[in-house]
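Below, subunit A partners subunit B and then partners subunit C, in two separate complexes.
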Partner chain A sequence: MARMKFLCDAERCIECNACVTACKNENEIPWGINRRRVVTINDGAEGERSISVACMHCSDAPCMAVCPVDCFYQTDEGVVLHSKDLCIGCGYCFYACPFGAPQYPQVGNFGSRGKMDKCTFCAGGPEDDNSEAEFQKYGRNRLAEGKLPLCAEMCSTKALLAGDGDVVSEIYRERIVSRGFGSGAWGWGKAYPGGGS
Partner chain B sequence: MLVAKSMPNLTKRVLPVLIACLAAGLCSVAAADDAASSMPETLEGHGGPVRSVAIAADNTHVLTSSFDYSAIYWLLEAQKGRELMRLEGHDAAVNDAAFVPGGDIAVTASDDGSVAVWNLDTGEMLKRFQGPGDKVLAVDVSGDGRYAASAGWDRRVRLYDLKALEEVAAFEGHRGNVNDVAFSPDGKTLYSASYDGTIHSWDVEERKPGRPIYSHGWGLNIVRALPDGKALLFGSLDGSAGVVDIESGNVLVDLAVHKGPILSADIAADAGMALVGGADGVVRVYRMADWILLHTFENPNGPIWGASLAADGTAAMLAGLDDAAFLWQISPRKSFEPPLGEFPRRFQVSSDAGPGELQFARKCSVCHTLTKDGANRAGPSLHGVFGRKAGTLEGYVYSDALKNSDIVWNEETIARLFDDGPDVVTPGSKMPVQRLKSVEDRDALIAFLKRATDPAASSVSQ
Partner chain C sequence: MNERLVSRIGVCLVAAGLALTLSACRENEQDRPLTFDKGTYGGAPDQALSEQDRDDLRARTHIQQF
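== the complex of A and B ==
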C-alpha cells in the first residue's frame, strides 16, 4: 500500500493560487475556510519564495496526539482524517499543528466552537466512500475514485506534488540532481521525519 | 480502506512508568518540609479536560482551568486538594488562570474571547474584559500584581490595569495568533510569542511597541522571562525549545527537541529550575544556571497542556487530556501511577450502542450527563429535561439568552434545536454548534433522550 504524501517545491511555486481555488471548488468549501493556502516569504525582496501549505498528513501527527476526544484516525495510506461527529471544536489541534491546517467555521455562538475542517488529501471521511453524507461533511473522495488530490493535479508548474511518497520523493530527487537543492521541499522533514511511513 | 488508530495498550502505558521508577532507584518519601509533601496526587473536580494549572507561590493553593467553562481554586492540605471555589461565568472553555501576587485575586482567559478578574475570597467576578470574540489563550500577571496581560487569537496583546480594572493597551504587530505572554521580572516589559514565529517585546510603562526579539520560523507557543531579566525561554510548534538572549536575539541554549509541539513551561526562580512539556507527553526539568537536564518524565496518557512547578522545585502539577490535574513528585523522585482502564478519551463508543445512544455519546456527552449529577460538565444535566423551561435547572450558570428564553424543552423544540442549530434557536447561549442533518439520527436521539432522561425511569449509564 502506498504512503500518500504532499511535497511543495519552493523553487517552482509561482503563487498562482490555483491549488487554493481547486481545493475550494472541488470540495465546495464554505466561505471563510481555506484548507490550503499559499504563503510567500520575503515578499518583494531578494530570496522571495512561495509555498503551498495544507495538512501534510504527518507520519506522527501531533493533532492526533493532542485531541481530547480522539476524533482523528490515519488510513492505511497514511492520510490523517477526522470525524466531525466526534469533534468538539476545542481548537487544541490548531495549537499543535506546525502547518496551521485545522480551520474552524465562524458559525458558533462563541465562534471558536465550530467543527474543525481541514485538508483530507481528497479522501473524504469516515462515512461511506462517495456518499452524499461524506461529501457534505468532508468534500470529495477522489482517492476512492482512483484519483489524486486536485490541488496537485491543477498545479501548473508541478511545484505541489501529491501521491505515493516514494514516487514523489524520487521526482524531487531528480530535480535536485538536475538543478541543485535550491530552497528545498518546505515542511517535508517536519511532516515525515526520517522519510517516515 | 480506513483503519482506525490502534489504542495504546497497557504495556505501552505502564512501561515508561516502570522505567522511570527503576531509574529513580524506586520510590521514596518526600521530606516533611518541602512542597512535594503537601501536594495531592490528583486534583479531581473538573467536568472536562484540564487546560492549565498554577501553583501559588506559597504552595498552599492551586488554580486549574478547564474545557468545562470553569476554573477551580483549590486549597492544599495534608496531601489533599479541597475545592474552595468554582469560578463560573465564562461562556466557553477556560484556557488559562493565574494568581495575582499580593491579593486574593485571580485572572482567567477563555475561548469566549474574554479575560476575567476574580475575587478569590468571595468567588465574585470583579470585571470581565470582553474582546472582539477571538480565543484568548494565555494570561500573565506582573510580579507586583499591578498589571495583567493576555494573548489573543485576534493577533493582539492586551494589557490590563488590575487596580483600576481597565484595559489600558491593545498592542498590534504580530501577523498571526498570539499564543503566550510573559512579563519581565521587573514588570516593565511584556513579551509575546505568536504563531507567526516571532517573539516581540512591548513597553508596559510607555504602553507602546518595543521591538521584535527573535524569529524562529515555526510558530511559537511558549515564552517565559528568565529571572535574570536578560533571556527568554521559548517553545515551538516544531518541538524545539531554547533560551534566547533579549539584547541580541541570539539563541544561547538549544534544549532537547520534543517529538511534538511544546505546549507548556514554567519557571521556579528560587529553585533555579525550568520545566518544559510537550505534546509527546514528555516533561523535562532543567537547572537554569547551566541548562543541565535534571529530570525527565513521560506521561503515558499523552500531551502536557499545562504545568506548574512548586516554588522549591520538588514537585510539579501537570494537566493533560484528563479531567484532573496530577502530581509529579520530582524530588525525591516518585513514580506516577496512571489510572488503569480506558485511555482518557471517553467519547468513542462501541458500535453495539443503539442509534440514539450513539448520537448522545458522540455529540452530547462531552458536555451533558443524563443523571441528576451534572458532573461539572460544560452544559447542564439533561435529567428531566422534557417539560423543563429553558434556563431553569438550579445550580447551573446559564447565559442571559437562556434565562430570558420562553422555550420549554419537548420533542418539537429539541428537534428544532438540532434542525436549525443552537446559534439560530438559542442565539447567545453557551451551546456550541450542533446540528443533525439526518431526520433518522435526530429522531433516534430524541427518543433516546426521552427514555434516558425520564426521572421516573432508571438512568442510563454514560
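== the complex of A and C ==
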C-alpha cells in the first residue's frame, strides 16, 4: 500500500515560492493562511538553504495526539486529515506541530481563531470526494482524481517531492549517490521516524 | 376558572418549549456528532482510494524523477 510522504531537497530549492502560490491557487486558500511556506536559513550568507514546509503528514502525528476533540484521522495512504465540523479552534495542534503547519483564519485567543486549516496533501476531507462541500472546507481533492499535490507536481527544480514514500526516498537516494555528498532530507526523520508508516 | 385555564396553557407552552429544545439536541438534527469518545474520530468516514488509484499515484511519482 502506498504511504504518501513529502520530501524537500534543500540542495535544489531555489526559493521561488511557486509551491506556495500553487497551493493557495489550487485550494483557494483564504487571506492570512499559508498551508505551505518557504523557509530560508543563512539568507544572503554562505550555506544559504531554502526548504518548503507544510504539514508532513507524520507517521505518529503529534496534532492527532493532542487534539481534545479527536478531529484528526489518518487515511489508508497515511495522509493526516481533519474535520472542520469537529474542530473547536483551541490551537493545541499548532503548539504540538514541529513544522508549524496548523493555521487559523482569525487572530484571537482560545476558541476565537476559527477552524484550523492545514495542508491536506491535496486529499480534501471527510466529505464526499470532489464535492462542493469538501472543496469549500478543505480545497481540492487531487488524490481522488489520481493526481499528486500540485505544489510538488509543478516544482520547477523538483526539489519538492510528494508521493509514495518508497518511490520518493528512492529518487532522493539516487540524487545523493550521484551528488556524492549530503544525506538526510530536512524534517524526514522527525516526521517519519524509522521510515515506516 | 380563568386562572386554571391560564395555568394549563402555561404548562402546555412549557412542555412544547421543552420538547422543541430537547429535539434540537438530536444528533441527526445538529448534523454533527454530539457525543465524545476519547481516541475515536467522530466525523463521517473517509472514502478510501482503490488499489488502481494507488497504482496510478505511484506511477505518477516516477514522473518527478529527473
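Here, the second predicted complex is superposed on the first by the 188 of 197 C-alpha atoms of A that agree within 3 Å, B and C clash if a C-alpha of one lies under 4 Å from a C-alpha of the other, contacts with A are read in each partner's own complex, and residues count from 1 in each chain.
One rule holds in what follows: a contact is a pair of C-beta atoms (placed from the backbone, for glycine too) under 8 Å apart; a residue touches a chain by one contact, two chains touch by 3 or more.
Computed from a prediction, not measured in an experiment: that's the story for all the values here.
In this superposed model built on subunit A, subunit B and subunit C take up the same space, so to speak, and clash. By the touch criterion defined above, A:K115 lies against subunit B but remains apart from subunit C after alignment on the C-alpha atoms of chain A.
When the shared chain is aligned, no partner comes close enough to touch A:S178: not subunit B, not subunit C.
Contact with subunit C, but none with subunit B, is seen for A:A2 once the two complexes are overlaid on the shared chain. After overlaying the two complexes on the shared chain, residue contacts for A:P62 are found with subunit B alone; subunit C is out of touch. Residue by residue along subunit A, subunit B and subunit C are tallied for touches, and B comes out ahead. When the two structures are aligned on the shared chain, A:K158 is found in touch with subunit C, with no touch to subunit B.
In the superposition on chain A, A:Q136 contacts subunit B only, with no contact to subunit C. Residue contacts after overlaying the shared chain place A:Y95 against subunit B, while subunit C stays out of touching range. By the touch criterion stated above, A:E127 is placed in contact with subunit C alone, subunit B being left untouched. With the complexes overlaid on chain A C-alpha atoms, the stretch of subunit B that clashes with subunit C is 347-355, out of 293-301, 347-355 or 401-409. The residues of subunit A shared by its contacts with subunit B and with subunit C are 69-70, 72-73, 75-77, 81, 85-86, 126, 129, 143-144.
Residue ranges of subunit C in contact with subunit A, taken from their complex: 31-33, 36-49, 53-54, 56-58, 60-62, 64-66. By the touch criterion given at the top, residues 1-2, 4, 69-73, 75-77, 81, 83, 85-86, 125-129, 143-144, 146-148, 152-153, 158, 161-164, 167-168, 171, 174 of subunit A touch subunit C in their complex. For subunit A in complex with subunit B, the residues that touch the partner chain are 60, 62, 64-70, 72-77, 81, 85-86, 88-92, 95-98, 100, 105, 107-115, 126, 129, 133, 136, 143-144, 190. Subunit B makes touch with subunit A in their complex at residues 1-5, 48-49, 67, 91-93, 111-113, 133-135, 137, 153, 179, 195, 218-219, 221, 237-238, 259-261, 263, 279-281, 302-303, 305, 321, 343-345, 347-348, 362-363, 366, 421-423, 426-433, 437-438.
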